[in-house]
Amino acid sequence: MPGKVMKMAEAIERFVPDGATVALGTALETLIPFAAGHELIRHGRRDLELVGPISDALFDQLIGAGCVRRITAAWVGNVSEGLGHCYRRAAEDRIPRSIEIHDHTNFSISMALWAAALNVPSLPARTLLGSGIVETNPNIAVSDGLVHINAVRPDVALVHVQRADALGRAHAWGPLGITEEAGLAAQRIVITCEELVDESVTLSDPNRILFPESKVVAVVHEPGGAHPSPVQGYFKRDHSCFRDYAAQSRTAEGFAEWLERWVLDLPDRATYMKQIDIEALRVKGSAMSAPANFADE
Amino acid sequence: MPGKVMKMAEAIERFVPDGATVALGTALETLIPFAAGHELIRHGRRDLELVGPISDALFDQLIGAGCVRRITAAWVGNVSEGLGHCYRRAAEDRIPRSIEIHDHTNFSISMALWAAALNVPSLPARTLLGSGIVETNPNIAVSDGLVHINAVRPDVALVHVQRADALGRAHAWGPLGITEEAGLAAQRIVITCEELVDESVTLSDPNRILFPESKVVAVVHEPGGAHPSPVQGYFKRDHSCFRDYAAQSRTAEGFAEWLERWVLDLPDRATYMKQIDIEALRVKGSAMSAPANFADE
Amino acid sequence: MSDAAYTPQELMVAVASREIRDHDLVFVGMRLPILAYAVARNNHAPHARGLFEVGLMRDRPAERYLGTMGDPPNVVGALWATRMSNVMALMAQGLVDLGFIGGAEVDRFGNLNTSYVGAPSNPEVKLPGSGGGADIAILSRRWVTLMNHERRRLVDRVSFITSPGYGDGTPGWRQKNGLLGAGPAAIVTTLCMFRFPEGGGKAYLDTIHPGHSLDEVRENTGWMVDAVGEIKTTPPPTASELEVIRKVQA
Amino acid sequence: MSDAAYTPQELMVAVASREIRDHDLVFVGMRLPILAYAVARNNHAPHARGLFEVGLMRDRPAERYLGTMGDPPNVVGALWATRMSNVMALMAQGLVDLGFIGGAEVDRFGNLNTSYVGAPSNPEVKLPGSGGGADIAILSRRWVTLMNHERRRLVDRVSFITSPGYGDGTPGWRQKNGLLGAGPAAIVTTLCMFRFPEGGGKAYLDTIHPGHSLDEVRENTGWMVDAVGEIKTTPPPTASELEVIRKVQA
């Protein structure tokens, strides 16, 4: 099998073209692939469709940077701070550009991805009855007392995990949101990880492997790649970073300064990491899972 | 919370009434709850509907013992040996009684349980097109170029796992087949386990917990309760036991002798365990999963 | 206990926590509901479980501060860490007893708008969206919303229904449209608590918080507030309720 | 190499293994296909992956004997231990290159019966059922069936189609009925190998195994066997193929 380990820049360059439908932030407030998202901005990607459940600031940043054509999500903002100012500017004033919005709920975006994973046109659900979302989203319809949610097929899923091996067998833990269906529904998966480990680690627990390796096209070793979102066992959430972003992004000018300072003026994530006090966020404790014996004789 | 730990006899007596729809053998050839199934026979349960994917001998035994009204499954037989002789006698000659058969495929029975878990009347799938099963199973229909598989709602799921705590947080590993959807779809879950452990073990790895504890009504500590099927890390498969069963069940008389010898004449599973050479099957090796750190600071 | 002894938010949390019954499975949202679950769990509802759409079930509050439901302390001691769709499946089976939903706007029929102010095609304000709100509003057995009491938030009719309450207020609207849950049980604001008639309809004033008046409520509410009989005063937070709130927030 | 040097089953396994291409994702069944995957993986298809409906993906054969695909040795070193529905989802996406299906009866259009001999309402023989067979027959890109060559097994038309091949044999039957995969590629028996015309239809004789004759095939086949041109002889198992088969069986 060809090696899949590469730098973030190469992974984004090769696997996320302009116009792509990209699933990211699939574990909700945790394991958000900020490093991968910032690389999309540095690469000047355009006309992307972003797919996710709730998005904690990263969607807002990609919208503000002008990368986004369409939002297919349940919620876009800043979870601990409230509104997404770039999202508002784009939706209300077409700044920096107009965006198309396909509203979902957390449940319906999950079902849309399961539909794609199962290769059916749509799946039925009990949610969304009586909600205006069935009128605004052209991919959701009501019939026979159920909603029918059309499949959403990402070209690529960007997923940050605690550890993965060189062939893309990824271990993630903590709440996983819609990560599994996003990966199964996607044409290909780009893994970014805190630790690049030997397959003796990943294969020791095949039940914790998230995805079929056959869908994983790239593995990027990017410690801290989810900052400021938390990573169970590795990093706490950087609440103040979200607070600062909310304040700075309130105006287009403030956002432009934020973008230069934290993305455009930096060559890569390693440089970004040097500019934050990561040690204050690092998890130092140890609360290890009880081992499971996979022996066969 | 009320304690859920009880003996097998009490769990079956209280939670699996005559006429119940029972999901079991949901991990296919592994973790088959033979001990629970044999207790159903000892309790003389009648008119059960058995729900599962493939069933390795246990469905055949329950059919032969006269417990079964309906089979809702993809395959009933003896995996390493072939046909299920009791199943044949019931379907062909109504011995010991006639049974109704709702044919499924492995994929379609999984979707039927997911439909129940999501509380929708049916789910669509790409399988079964062109198969005679869509004519024989009244709960499967073709329209718009897809099959629509009606929900199957078990009253109870009987699930054998490697370890569980007193409140029913269950850890299982190895291939899980349709265990997760069977438990979510079921009204209630009865857990039988190799090891009854403290919650410090189960809660150390919430990602490995199979089910919401709120659905688990009983926890039965029954070491070897899956024999002769294998349990990863605990027991190898007892191939000769399946071979002997195939030979003895070839005639109704032979099955009757087998049933007395291995079920009816035994008061409980502990006695059964004394009659087999379990040490020859016990896994002695150790191949521990790499731990995951769940620490939060 | 005087007004000064607690904040309006602390009162809202205490009032919300009283909606949680022992043994309830509670779909817990963010911020104030997390505090409300902690208060209930530590006082009158020791067996209440919390369910989080991120994919978690708990039988006790997290032991450290949560900025979001996905923060690492919420995973430590969790009973289940799974996929969102499994958590939603439980709610779709009618197994969630109570949910909490926040919102930017609520109307007299309990409908919430968290999507658009103005035309969706060209909105004056784009709000973040449903998140799991519409799922909770439709599928949980009953739910409660918490809101700062401002005339711009408590409106006669919302311009966009993200999370349906009782729709157009006609009796049986939810059943007619196939909504699984019974609908909103209460609107808890910084001034008062509204409830709804059996089977749905228009919100009525149930209790007014200590130190506030009917006139004040009416001035700050976008619909004609009916006062049925004598309006009771909301019981203030107890010492033990405040103790938990302040411990968890710290 | 003479007939005596290998068993009919060993020849079937060797022939089946040659259907596996390098880098294929193979939906592996039980018994002979497990051996066929091992032979291919150790010879011409070092990058072939195996997928098992029990919920496993592997990139090499198990290191110990398997009585069933769920046996513990099949989990050791697995690349993925998951739910059956996830494995089926990959196949429903058209990502499974080749599947193997066993059967009690196959007909000239490649349809398999593993359900009923005689009327389903009152069968002469109740067979175990589909298992994952129908799923593979409908969803995998191409598939192969292995069968002992007996007249009662190779029938003109099966009485019940469990796993569809080319249906009634009319061109485009699978596409017309919305079946995702291309259908059966071959029937491998103890006497010969049948293949199918492009786009489906009636099985034709491709090769006859060493030591067997066209007459013998015709005597033991329930349909009129067409012999198109000169019939080739099946290449016997190579030494390296036999070595793997015997190692894995031990």
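Letters are used for the chains, namely A, B, C and D, taken in the order the chains are written, and counting of residues starts over at 1 for each.
Keep this in mind: a contact is a pair of C-beta atoms (placed from the backbone, for glycine too) under 8 Å apart; a residue touches a chain by one contact, two chains touch by 3 or more.
Keep in mind that what you see is a predicted model, and the values were worked out from it rather than measured.
Set against the C-alpha centre of chain A, every other chain centre is closer than that of D.
Ranking B-C and B-D by contacting C-beta pairs places B-D first. A separation of 41 Å divides the Cα centre of chain B from that of chain C.
Separating the CA-averaged centres of chain A and chain C is a span of 28 Å. Mean C-alpha position of chain A lies 37 Å from that of chain B. For chain D, the set of residues that touch two or more other chains comprises 56, 71-72, 75-76, 81-82, 92, 180. For chain B, the set of residues that touch two or more other chains comprises 118-120, 125-126, 146, 173-174, 176, 180, 207, 232-233, 236, 283, 287, 294-297.
Every pair of chains that touch is listed here: A-B, A-C, A-D, B-C, B-D. Put simply, chain A touches chain C in their complex at residues 27-30, 53-54, 56, 73-77, 79-80, 82-84, 87-88, 91-92, 101, 103-108, 110-111, 114, 125-133, 136, 145-146, 173-181, 229-230, 232-233, 236-237, 239, 242, 283, 287. Interface residues of chain C facing chain B in the complex, by the touch rule stated above, are 25, 47, 49, 56-57, 59, 64, 71-73, 75-82, 86, 89-90, 92-95, 180.
Those residues of chain B whose C-beta lies close enough to touch chain A in the complex are 118-126, 146, 162, 171, 173-174, 176, 197, 201-202, 204-205, 207-208, 232-234, 236, 283-297.
If you check the complex, the residues on chain B that touch chain C are 1, 117-120, 169, 180, 184, 203, 206-207, 209, 211-214, 294-297. The touching residues of chain C, counted against chain A in their complex, run 30, 52-56, 67-72, 74-76, 81-85, 88, 92, 115, 120, 123-135, 137-139, 160-164, 167, 173-174, 177-180.
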